[in-house]
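Just passing along the structure, written as structure tokens.
So that you can tell them apart, the chains are marked A, B, C and D in the order they are listed, and the count of residues begins at 1 in each.
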Amino acid sequence: MSGWEIFEVWVIAFFTLSLFSFMYKDNPFYKVAEHIFAGLSAGYYVGLIWESVIVQQLWDPMMGGDWWLVFPGILGFLMFARFFPKVSWVSRTPLAFVMGVTAGIFIISQLHGLVLPQMQATMGVVDDVNGFWDFLLATVVVVGVISTLIYFYFSKEHTGALGVTAKVGIWFIMISFGAHFGYTVMGRVSLLIGRVQFLVEDWVGSFSYIF
Amino acid sequence: MEFWKRIEGIDRRWIYLIVGIAVIVPFLLPIPFPISITPEAQMLYDHIESLPDSVTVMLVFDYYPSTIAECEPMARSALHQFWRKDCKIITLSNIPLGGPSMAETVTREIAPEYNKVYGEDYVNLGYKANYVAVLSGMGTSIRSIFPTDNSGTNLDDIPMMDSVFNYEQVSFIFEVADNATADYWVSIVNAQYGVPMGCGTTAVSAPKYYAFVGSGQFVGLLGGMKGAAEYELLVEKPGNAVIGMGAQSMVHLLIIALVILGNIGFFMLGKHRRRVS
Amino acid sequence: MKTSFPVAVAFLTGMALVVSFFFREGTLVGDLSKNLKIWLTIVGGFTLLLGVVSITRVNWAGVKRQKSGWGYKLLTLVSIFVMAIPSILPASWSPLFGRAEGSIYDWLFTYLDSPMMATMFATLAFYIASAAYRAFRARTVESTILLLVATIVMLWRVPMGEAFLNLFPGDLPGFLNAFVMNGANLAVQRGIIIGAALGAASMSLRIILGIERTYMGKG
Amino acid sequence: MIKSSDMARKALLWAIVVGPLFLVTIVTAQDSIDTSIAGDSLASAAATVVDSLDSLAAEMANVEDTAPPAEDTTEAAVVAESSFRYDRINAAILVLVFSAAILIFTRWARQGKELFLRKIPGLEAVEEAVGRATEMGRPVLYVPGIAELDEIETIAGISILGRVAKITAQYETPLMVPVRYPLVLAAGQEVVEQAYIEMGKKDAYDKDMVRYVAGEQFAFTANVNGYMMRERPATNIYMGAFFAESLLLAETGNAAGSIQIAGTARPEQLPFFIAACDYTLMGEELYAASAYLSKEPIMLGGLKGQDFVKMLIVIGIVIGVILVALGYGDSYMQLFQSV
């Protein structure tokens, strides 16, 4: 390990431990890390957008003859009108453009890309039923989908048959959330393992070079 | 009673300390355990195996550096499997923070093992803002969205891209994601362009994506570090995910113990009779 | 003018995309969406920059007025500039500029930014343990179901726990995979996906038609 | 007068329901006559109801191709027909039915028709919790999620914020709204200012109530957590899109002794909010909440329209399951094929 590499490992270790220290109590180390963290991530966007959007997608093609890209460029600039109270309303136009295009993509992608196939797949489970267990599974899926949809039905009070279905729905939902919780625990622990792997192997490992 | 009251009111920092110990100990005293393969991981592996050799595939790095522990082993294993089959790999990312550079690091590290050359066997397109536009735009033309690769080389100057224009030339997409971008790969790319897809995701998102495996929109699924460990075993390249399983076991058991302890206290103190709304 | 023009823009662009979905590529209408999507990446890029300007202004105001803790705010400002300025200078001037490997930008990202992100995620493991102990109580039928399933899934997803589950008669892990993950969980996710898709589509529709204007501040 | 227009509404609704069902019947019936077309029944369905579809296609083509009429109209029509994607007609129908339902209900709501929404448990808690903050003389922390403004949950979060700001304005309780995106900042500021003006408390409004904190997820979280431990707000409200930071926020808030109310549509985060918060709105309840609290016709109408389509989907699934179980479902399932 070179001196520089040891320095790098210690930088990472310093910020890792500073952030962990918050669990004991708020302290100046944590505050330093927190504020540097906020600044760096803001600065990150500048470099990223500069190169991948402004240079590659706007400037270069425009120089290459796609002059009409000047329009989205101007639209983008108008966003900054936000910061000048008198003309801040101007920024609504680029915003509306972003919202309009996104909304257009969304309507289609949600209804066509999600609703239709998920409906089809729900009916499909009944198709390949082969034996008792398949039948049971298909029942679970169909009842689960319908009762979940009913649980989120707001137009009627949940009483009578609707209430029973909604009750079944909330049980199903809790099973699913339980599974989610289990999986999430797994994920977070994995990330902790990643950090500990670093601290134990790299950081503690670097001690032998120094001491 | 007094005991349970004290247990109940314990400072949370003691719990943090116990967790810390539980995660460090297995690194010092490793305990090996057999890892079984879930059908979803097997399906993903089998589908990739069944692809014709040397087709073009996409490997998408849609995860932040913060979830490297879970996601990177998946991307690595996928590279091994793809390159053993001589596939041409397009990597890209919808993650502004770190996605492109992680793709760069991982591919460059594994490429020499299979004698793969940048530009001929793999290309890194990098990142563009607004994933919705990126995903659907590539359906018409990859070049309209990514005129150059990550380092600024024109796509027309990259030999591998000579015959690749849009999703029609892509045989398979492997999405490694730690966020909702995977939803849009399904609802836009798979639904509108019909490219078969597999997904590796964090344990947090995995339960949600079972719905997409069931509907055939994903050919298979890797969930979290366990999924990554399974895939590592399938491609016979055990790595960090397999190693981490020991600590994983310890902390899971600890948390289960805490849940049980907490609930015993809850009932001993008779709090369950006061229904909290 | 101040609102009706933006509303018209949202309407036209949104409608163009919806309609073009139903036309083949290569036709006038079919290709309209392609161009609009390129425009979107450009305009979208600018909105990200807005945030940077905003955070700079907020922190600068704090430093100027020397409000308590202004030293930390100064730290934020310095971090922004140290990260941003070298990244937009041409790499041909110095290998430290630009965004390639070896640049200041890349170094700060690799050795400060990403470890900090990973650490924040990792602290969640501690918080989960504490939440599991204090908050996960079998208060009602619903929370009991949640608890039981969570515990069993946690056991199942690690080799040690799986070995334990296999001690019981019947194929418990197989059952979990088939009926919990691919059964109940899949069904609920499907229900939620459909419901949420309707919600998102409805909001999108109202944005296109100019009924929903929260995004312009008209709440 | 009112009665006859009511009838017209009912008729329109029925047309929406019966239309697609009619199509389904035709397809299924035709399939039983000629089994060879089963695989391609969608195209044949389109052929069967060719009149209606053609007019629809022409209509859709006309919406965009406003230029051609001056030229040769027949040629324009031919181009429009061949370039229209008939294979996506099912999506077109879904989009039309959906849009119609939302619009009709919104219209009814605007006309002042009484639209019923069931009570959402825990929603009253919002008002109570803000009241508690006032009593304690401590601030209310409101986080409208960490997603951009183009996320529907964020919009719901912002519109609930408008409601909460009215209450804090009324009692002059300090309000803190940290945001992660500049567009959310702009929208949030306008909504809060509007609320303070409406309550006649313009002087109490401070632009810094809504503030941009950081663009990165965890930098944002670290900052908000720091705020919670230092200022100890009495009430924390989280409404919008949340990701991994959900538990970080909720646990820290819990440690700071705040009352917490959360709402998000992200299923993967809900277990944590349920565990660590006092009240949680799940999934679509978040959207319903913003409609419920605001009582605005556009929100109510949208929600009712969604509910209506949701019922159609349930019915559609039930019919499908029955048909498939009886072995007649192939062509029905084809109706839902997305290409």
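Heads up, the rule we're going with is that contacts are C-beta pairs under 8 Å (C-beta built on N, C-alpha and C of every residue); 3 or more make two chains touch, one makes a residue touch a chain.
Not measured: the values here are computed from a predicted model.
Colleague: Chains in contact with chain C and with chain D: which ones?
Modeller: A, B
Colleague: Report which interface contains more C-beta contacts, comparing A-B against B-D.
Modeller: More C-beta contacts join the chains of A-B.
Colleague: Please identify the chain with the largest separation between its CA centroid and the CA centroid of chain D.
Modeller: B
Colleague: On a C-alpha centroid basis, what's the spacing between chain A and chain B, in Å?
Modeller: Taking the average C-alpha coordinate of chain A and of chain B, the gap between them is 13 Å.
Colleague: With chain centres taken as the means of their Cα atoms, state the distance from chain B to chain D in Å.
Modeller: Result: the chain centres lie 29 Å from each other.
Colleague: Where the CA atoms of chain A average out and where those of chain C average out, how many Å apart are those spots?
Modeller: A distance of 3 Å separates the two centres.
Colleague: At what distance in angstrom does the C-alpha mean of chain C lie from that of chain B?
Modeller: 16
Colleague: Which chain A residues reach two or more other chains?
Modeller: 19, 22-23, 31, 33-34, 37-38, 40-42, 44-45, 48-49, 52-53, 57, 82, 95, 98-99, 101-103, 105-108, 110-115, 117-122, 124, 141-142, 145-146, 149, 152, 173, 176-181, 183-186, 188-189, 191-192, 194-196
Colleague: Can you pull out the residues of chain C that are in contact with at least two other chains?
Modeller: Those would be 15-16, 18, 21, 33, 37-38, 40-41, 44-45, 47-48, 50-53, 55, 109, 113, 116-118, 120-121, 123-126, 128, 130, 132, 134, 136, 143, 146-147, 150-151, 154, 157-158, 181-182, 185-186, 188-190, 192-195, 198, 200-201, 203-205, 215-216.
Colleague: Out of chain D, which residues touch more than one other chain, so two or more?
Modeller: Within chain D, the residues that touch at least two other chains are 88, 91, 95, 98, 149-150, 182-183, 186, 213-219, 222, 244, 267-268, 271-272, 274-275, 283-284, 303, 310, 313, 338.
Colleague: Using the touch rule from the top, collect the residues of chain C that touch chain A in their complex.
Modeller: 2-3, 5-7, 9-18, 21, 33, 36-53, 55-57, 69, 72-73, 75-84, 87-88, 98-99, 105, 108-109, 111-113, 115-116, 118-126, 128, 132, 141-143, 145-154, 156-158, 178-195, 197-198, 200-201, 203-205, 207-208, 215-216
Colleague: Within the complex, which stretch of chain D touches chain A?
Modeller: 88, 90-91, 94-95, 98, 116-120, 149-150, 182-183, 186, 213-216, 218-220, 222-223, 225-226, 229-230, 267-268, 270-272, 274-275, 282-285, 288, 303-304, 307-308, 310-311, 313-314, 316-318, 320-321, 323-325, 329, 332-333, 336-338
Colleague: For chain D, which residues count as touching chain B in their complex?
Modeller: The contact residues of chain D facing chain B are 216-218, 243-244, 255, 267-268, 338-339.
Colleague: Quick one: which bits of chain C touch chain B in the complex? Just the residue numbers, please.
Modeller: 25, 31, 33-34, 37-38, 40-41, 44-45, 48, 100-101, 106, 109-110, 113-114, 117-118, 120-121, 125-126, 128-130, 132-134, 136-140, 147, 150-151, 154-155, 157-163, 173, 177, 181-182, 185-186, 189-190, 193
Colleague: Any idea which chain D residues touch chain C in the complex?
Modeller: 60-61, 63-65, 79, 83-85, 88, 91-92, 95, 98-99, 102-103, 106, 148-150, 152, 155, 158-159, 161-162, 181-183, 185-187, 189-191, 194-195, 211-219, 221-222, 244, 247-248, 250-251, 254, 265, 267, 271-272, 274-276, 283-284, 287, 298, 302-303, 305-306, 309-310, 313
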